[in-house]
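Both of the next two complexes hold chain A, though its partner changes from chain B to chain C.
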Partner chain A sequence: MSDHGFAFLDGDAKKEIRRALLKAVALPGYIVPFASREMPVARGWGTGGLQITLSIILEQDVLKVIDQGCDGSVNAINIRNFITSVTKVMTTSKTSRASIIQTRHRIPEHELRENQVLVFQVPYPEVLTTVEPDTAQQKQMHADGDYSKLWVLLYEDTSQYGDSRISNRYPVQVNNHFVMDPSPIPKYDIPRMDNCPALQLFGAGREKRMYAIPPYTTVKPLKFDDREFKIEVFPGVCCERCGARDVFFDEVRLGSDRRYFCSDTEFCDKNMEKNDAA
Partner chain B sequence: MLLDVRNVSKIYGTSCDQCLSLTGVEHDRAICPECGSVVAVNSISLSARKNEILGIVGESGSGKSTLLQLIYQDIRASSGEIFFQGVTDKNGQPSNILHEPPSAVSRLRSKEMSMIYQNPRLGLNFLFSAGGNIAERIIGAGERRYDEIRSNALDYIRRIEMETSRIDDYPEEFSGGQQQRIQIAKALSSSPQLLLLDEPTTGLDVSVQAKILDLIKELQQDMGFSMIIVSHDLGVINHLTDITVVMKHGTLVEYGLTDQILEDPQHPYTQLLVSSIL
Partner chain C sequence: MIADMDLEQLNRNNFRNCLEALARPGNVYQVYPYNHSVIMAMASMLLYPEVTFYQQTEGDWNMIKAITGTTEREAHEADYLFLDVPDKNILQDVKSGNQQNPEFSATLICGCQNLKSGTSVILSGPGVNGRRQTTLPAPVDFLELLAEKNRHFPLGVDLYFLSREHGICALPRTTQVDFL
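== the complex of A and B ==
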């Protein structure tokens, strides 16, 4: 009961969420329901990720929170402030130093390591919703491993547009079994989920659902055997701030001008420090 | 033997131990007088060999559609056994598919058996293009190469004598007869061993009906699958089938070579049916 009062959630809530997490980790990519609690943050603003973070966080943890790669955005700051107000844990913007990283829509550029936990905020947990509205049917399709309807979408896009039109939330197959929604990360981040040393947890507060990818698990985008999976590329582009190439960029339009900056602000800062030192 | 149906029944309602013995053609009713259940299919046995074409005739409500759905595993039999070539237990002995795990049944349905429904909305996904519908079945049978899927889909569009340029059009944009052709292309694209057809031409213009029946016959001769076709129309049965099954009140009234049954019907009910059309 030493937990009581720590990290906002009461002991029962934490127990329930941890139990669901254990199940999620045991069945990589499988959607597990949980009794999503009311949070002092509006639903749809990361309450699923927040509850996961609060149920696993310990006093010695070091927390990083990002929104689309940025530590300094209002949403990231609000969530970080809330978590520190109920835990007093240390925070950092340094990916390498964090033990828990709560994120919306990005995976940090810096390679993740063992004993790190990446907590994704998920708006739509069920990957089959686009092709099958009936929830009982969705369950059956997961049980049968029947993802042919998702494949048909891929077939239709390839026939009519030459490639998949999905730009984010690209369906991935986990551990050669369940197909899941990776949350709205760009395609650039999809290959980085594969065989990742960190534990990846996914929480959808509004939908009361969670799922997980244990460390070193196979994660493959759904793609035809005779087609390449194409990630976003930015030919010739380098970051206006730090000069980095071959990372994921935010495009800023100023009038007719397009300007590019690292989407991962901590990576950008670190790169600038390096440049200054040199 | 490709398909062996033994003593299969389907009872809708609470059912009692008298349901089967108090209904059927000899009692001139399908509703159990003891418990009021509807005995849609009553103790039917039949079989189909490779390349064989069976026809099922009978009045409205006699259980024809129910019998097809029982074979296709759209619904579960109340009792009986169904054997399908290749479905065996660990000792290699034929295994009742009603006791097989869902994965085996799902494989039968996605590859070895196909169903063509009277209503194209049951057989086609109206959210997918014609090609997408065909692709769904090819993918369901295990193909994961786009070029292979596309060229197969085009091949089946050709086989149903449709312009290949229409492959990416959606079902709404086709006539009723064309929708039935697309259902046929979809059903055959997994190279099934058994094709089940539930009044595939009812509701279409007579001239369109004849063309589709000819197409089915040609495809059957080309590809060599077995077929069970339900029809109200003894003309269709005569034109298409080797074996005829006559049903009334859920029971099998007559079962034998089509030529013999049409020339020399034994049961008074069949005599009545035959005399009314000749």
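== the complex of A and C ==
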């Protein structure tokens, strides 16, 4: 901390990120370009989320970092250690105690509340990339509200397979206007973005883009009216550690065995504590 | 606490409250003054060499230009406009962005006496849980013009009201304002 100012980034870098953040909140779902900085981790390893967190964090914040629901994975630990080394903020694994939650590819199981900020690490911010590679054309399509190529993709999947084959990064429409990439979260988490009390910020450092969903904003997956949006379900499965059902599970293969554990480790630990107390 | 803050610390605290205010229209947050002025504090927090500003307020703007490296422009070109009071004539001229780049729009920071009196309105839209009744420190004709500027989303103008009691509340372009 002595070699750098608070939160690593210099003042003008923070102001650039903050400018883009304010525009992103005012334009829900719209991708705002920004001058992404070099960070002491490789691009593609959470630099977008890291830059957002470092630009918003205060001394009194309590930080939680997760990677696919896990507080203890290498990526989460390294990012948490780096942020605390340059800010000295308190950290927690408890979702309910955190004021800023930086996440890779999951939304915590515990219901989020107001005064929390969820910062997503995003690898591919542009939802139209899979159907339109030209970035200028993508921008024009967003301007025109022309998402026909996404609808065609959805139609082809539905006609051939009965449903969309998209397993994660499912396109969502925000505030009935822009269609955006929700980052590679599972479909299970998509309905939990809708009308969420917490502020959701998305950063893609390598792609130099960010976007946001303000609290209490409509977020709907793209879906034909006569097709139900189906999330992942695990019929008959419960967590081997805590016994939880109807949550998002990690599947672990041990030899020919398939074993299931809660993807959100803090949620699982809390259940274990409850079980022990009972 | 305020007296102990350096400028960087002041800026990050003010930014966080500004972000929360924009994300939750109608809610009032605190701004810590810089050089005894909340407008100066906002200018110090928002301005840097890549953006431009226009001002129609009292304050040491030469100092702001010196410490932020920002350029002053005419109202119709400026990214940030700092005004003593909500001014309809200036609002008329400010940029609203374009369909490809709606972020190329202006942000207004309007001073006011307090945030408790003014025009009674109901707010709705992103950031508002259902509908929220509140008062906005601006005349009806100003708010009507703002609604007109924000009619064709994503084009529009984002606005902050800044009170002399150090309060801030925001109206992003997505907020629907209905008069009571």
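One rule holds for everything that comes next: the second predicted complex is superposed on the first by the 274 of 278 C-alpha atoms of A that agree within 3 Å, B and C clash if a C-alpha of one lies under 4 Å from a C-alpha of the other, contacts with A are read in each partner's own complex, and residues count from 1 in each chain.
In the analysis below, contacts are C-beta pairs under 8 Å (C-beta built on N, C-alpha and C of every residue); 3 or more make two chains touch, one makes a residue touch a chain.
Every value quoted in this text rests on a predicted model; they were computed, and no experiment measured them.
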item	value
Simultaneous placement of chain C and chain B on chain A, clash or fit	fit
First, second, both or neither for A:A143, with chain B first and chain C second	both
Chain B versus chain C as contact partner of A:L199, first or second or both or neither	second
First, second, both or neither for A:Y216, with chain B first and chain C second	second
Chain B versus chain C as contact partner of A:P191, first or second or both or neither	neither
If touched residues of chain A are counted for chain B and for chain C, the larger one	C
Partner chain(s) touched by A:P123 [first = chain B, second = chain C, both, neither]	neither
C-alpha centroid angle, chain C to chain B via chain A, nearest 10°	80
First, second, both or neither for A:D226, with chain B first and chain C second	first
First, second, both or neither for A:D12, with chain B first and chain C second	second
Closest Cα approach, chain C to chain B, once both complexes are overlaid on chain A (Å)	9
Shared chain A surface residues [contacts with chain B and with chain C]	143-144
Touch list for chain A against partner chain B, complex	131, 143-144, 146, 148-149, 151-152, 155-156, 158-160, 224-227
Residue ranges of chain B in contact with chain A within the complex	102-103, 106, 110, 125, 127-129, 131-133, 135-136, 139-140, 144-150, 167-168
Footprint of chain C on chain A - complex, ascending	5-7, 11-12, 14-16, 18-23, 25-28, 30, 32, 35, 55-58, 114-115, 139-140, 142-144, 175, 177-178, 197, 199, 213-218
Chain C residues within the chain A interface of the complex	8-9, 11-13, 15-16, 18-20, 22-24, 45-51, 99-103, 107, 125-130, 153-154, 156, 158, 172-174
